[in-house]
Amino acid sequence: MTRALARAALYAALLALAALVAMPMYWLVISAFKSSDEIFTATPRWLPAALEWRNFGRAWAGAAFGRYFLNSIVVALAIVFLQLATSSLAAYALARRRFVGRGIVLLAVIGALIIPIQVTFLANFITLQHLGWLDSYWALVAPFTASAFGTFLLRQAFLAVPEAMEDAARLDRCTGLAFLWHFLLPLSRPTVLAFTLVALVTHWNDYFWPLIVTNRDEIRTLPIGLAMFVTQEMMSDWNLLMAATLFVAAPMLIIFFLTQRYFIRSHMHAGLKG
Amino acid sequence: MNIRHVLWGLLATAAMACGSPAGAAEPVRLSFWYPVDLGGGLAKVIDGLAADFDKAHPDIQVTPTYTGSYDTTLQKIQAAKMAGTLPDVAVTEISSVPVLGALGAAQPLDAMIAAEGGKGFLDKFWPSMLLNCVYDGKVYGIPFQRSTPVMYYNKDAFKAAGLDPDKPPLSWDELVAAAEKLTRREGERVAQWGLELPLEAFNWFYYALVYANGGEVLSPDGTKVLWDQPPALAALGFWHDLVNKYKVTPAYTPWNDGPQEFVAGKVAMIWHSTGSQAFMRQNVKFAWGLGRLPKETQFGPPSGGGNLMLYATDPARQKAAWSFIAWLSDAKQAARWSIASGYLATNIASWDLPEMQALVKEHPEVLVTKEQLPDAKMEPASAKYAPARDILNALIKDVLADKVRLEPAVKEAVANANAAMAKQ
Amino acid sequence: MANERQSRGAARPRVRAAAAGWRKLNPYVYLVPALAALAVWNYYPLIFLVNLSFHRLDATQPAPRWIGLDNYRELFAAPLFRRVLANTAIYTGLTVPLSIGLGLALALALNQRLRGAHILRTLFYTPVVLPTVAAATVALWIFNTNYGLANYLLGLAGQDPVAWLTDSDMALTTIIAIGVWKTFGYFMLVYLAALQALPQTVLEAARLDGARPWDRFWSITWPLLRPTTWFAIVIALILSFQAFDFVNIMTQGGPSNATNLLVFYIYQHGFQYFRLGFAAAISVVMFVLVYGLSALVSLWFNR
């Protein structure tokens, strides 16, 4: 009897929290469809009078969102590609080879996990300034060339591949990089996909670093473009702002909804710190 | 990972390698950075102006880029100076003129002005606007999007409170009297405030109060603040009293909230930029008016807004950039920008043009903004003022919230500000 | 190895030696890209910042000049620094336990084979995937003093409107709430994964013995989750830097420095006042605090 009551209470609490979490997102969506005179009303409207699809067109035209989209795609893909490349090579060495200093290297990789861009940004900015790379794609990508998280994840995955397989592959003259490419990576596909997705979302959403290193409009990524648009329209056109926010957030939300299990998988490995 | 992923990755890397565009041989491509601290839609006007300039000058192409608020734009320019990626022309807040001049980021314009007729060229502009264009004896800025504070007031609320809707208060005493009549309370809650003075990063209305009281804010050499001098102290004391003694003003109104609250009928009189006229026209549903800022000993609204400054160092680019600046300052363009944005027409001749006459006919309150210009005073500015500005901002907030006692707090702030400026 | 010798024969000792040498070297070669990048962009900055903190480098001093400990002296004497430290301590001290605690509670709740658990799980994780800019923009609108949803709801409940982002006593609380909203879903997943990996036998045995759920949790589950909790705390410390995005877009450190956090303070001095030497000193203090805290946490969890 009390068990059913406890369950009901649990459900109620969960639903209340769900409402609290979902409310901002619901508000985002309906505000994006409101017409301009539904914004400054005494009582907020829970449903817009009509779906004002034009808001999306007007918001899109309000700033160079097409260009920002392209930049975000290029930068995110470049970062993910580079991180996969550097991480798989490093993970291979750490997982499948014994060498002097392996322990130290592993510690160095793990140590880098807790040195985020918010600590290093000042130095990296000056480094890029010396290189003359400020305000370019290089600036947006370079500090993220390697990923401690990716290296760690892939190492875990590679460790799970049995030695016997490597010996068998060696018989077929498949060693080193060939082994990595033909065996380790395909066998770790779920982990690779998980990492790719997490890294993609993380760097698509980057705001802090692009803010620091970009000035030109041509180079701006979506989060910066949106933030600029917010400053521009903050006094009046909230419906346009919400529309713009929606199309900036939508790609990642869609990717997330479609590939949830990979996001969850990325936690499976991370949580078991050995 | 399969071959397709690799190809995508290579494509991305290749796109990245070609991503940074090289400068074109001709026409001269000018980068133009601008902030717009009001509601949007003005980006289109800027784009329109740039397009028209390009048509009239086929050998030059202007690329406007919106760069955020005044502060963000200043930061970007400072960062660009360090990175060597300065734009050719940019609009910055008028108090940045000494900062950018001292930094060596902006170029002095005296030679170019001389070529255009020297004093004759400068006489085109309202003299009060030119006060904030000079650093170290040289002209660095040309007025572009300039404003002064004005008082927007709710004529319907005036009538309801038994005040003459065509006679907004012109002195501090009148202001307090009107505000007291206009403040409506429902029990504990305030249904309508009599007056609001929004606070933003530049402390504009503090300056307005100090000047109206005949005081000054910054020493002429720009190294010491004068907030503890009697007129300034009394001005801040007056603001404090509006909040805490007469209780007609809330302790803090953010800059962006002000017009929204006026539209919502939550405040009957609000000080804000002339630039907010467009927002008011679009959104206010009651009868409203525009009045000049009241005086205590003198009328002296602080100047505000942005100037055009030149950053290009290459002589050919400088020439092109200057022609853009000069074109924007012509009566016709100044009028066009003013009508679209609500900023003041910087060119005196603009006011005689038919389009401005039409605007005045349709919106007679615009004349009030013109009326204030001869009395407008300089916005405090110096190369080292930046930390002082933030200290003042925090001081005002604390005084109005009644968290500190006026005189000791002001003295401490003055000491901190002078010390901070010395370190810059 | 033996196979190799057989198949290739003993005919080319030099090539074999070269091949063996290469084999010995290639782990290091494989590590070079990742380690070089980590060295340049993660480790070198730490050294660089320490060095820069002893110099003066700003808009009027474009070449670094040695000034010893002056930056630190100025920093520790600045009243604003103490305020920023307090703000950061409050922010971190609240968001870390709240987001981890909420995440854990939800993981426990959702681990019980409830109907619709996966929908709830997706919903709770969605804020994590949302860009901070998007969350900040929506929050700006929801917490708008005059037209925002939050004050409307308060009004429905008969309360006075609150100046969520513009009252200096309220602003930090609002930022904390947004920070927790944004990250708790991440910890929910971390704990869910950990819970599902727990050895079920011990828990079964305890249940059969009649132990109450609360006792089962404290005596068995919680200790087993220690490594996860340790990991969560360290990650939460790193995630708390995200607050910069909210502060930069929503409050710019205000009102009256109520939401000025360490990471924003560094940005303020580095990129608004352009005092890079001074900003470097603040950065050094920040990473000493963060790593000191992480080290303390790690020590505590591994005692």
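Assorted remarks:
So that you can tell them apart, the chains are marked A, B and C in the order they are listed, and the count of residues begins at 1 in each.
Just so it is clear, contacts are C-beta pairs under 8 Å (C-beta built on N, C-alpha and C of every residue); 3 or more make two chains touch, one makes a residue touch a chain.
Quick caveat: nothing in here was measured; it's all calculated off a predicted structure.
Looking at which of B-C and A-C shares more C-beta pairs in contact, the answer is the pair A-C.
Of all the chains, the one whose CA centre sits at the greatest distance from that of chain A is B. Spacing of chain B relative to chain C, judged by their CA centroids, is 38 angstrom. Here the spacing of chain A and chain C, counted between their Cα centres, is 14 Å. Among the residues of chain C, those in touch with two or more other chains are 147, 271.
Multi-chain contact residues, meaning those touching two or more other chains, occur in chain A at positions 40, 85, 227, 234.
Contacts with at least two other chains are made by residues 79, 82, 260, 264 of chain B. Those residues of chain B whose C-beta lies close enough to touch chain C in the complex are 71, 75, 78-79, 81-82, 102-103, 189, 201, 252, 254, 257, 260-261, 264, 266, 386-387, 393-394, 397-398, 401, 423-424. On the side of chain C, the complex with chain B involves touching residues 58-60, 62, 74, 144-147, 160, 163, 166-168, 252, 254-257, 271-274. By the touch criterion stated above, chain A contacts chain C in their complex at residues 10-11, 13-14, 17-18, 21-25, 27-28, 31, 39-41, 43-44, 85-87, 89-90, 92-94, 97, 99, 102, 105, 108-109, 112-116, 118-120, 122-127, 142-146, 148, 151, 170-171, 176, 201, 204-205, 207-208, 211-212, 222-223, 226-227, 230, 234, 238, 241-242, 245, 248-249, 252-253, 256-257, 260, 263-264, 267-268, 270-273. Contact residues on chain B toward chain A in their complex (touch as defined above): 1, 5, 8-13, 15-16, 19-21, 31, 36, 38-40, 43, 65-69, 72, 76, 79-80, 82-85, 256, 259-260, 263-264, 279, 282-283.
The touching residues of chain C, counted against chain A in their complex, run 3-4, 24, 26-28, 30-31, 33-38, 40-46, 48-49, 52, 106, 109-110, 114, 120, 122-127, 129-142, 147, 149, 152, 181, 189-194, 197, 227-228, 230-231, 234, 237-238, 241, 244-245, 248-249, 263, 266-267, 270-271, 276, 279-280, 283, 286-287, 290-291, 294.
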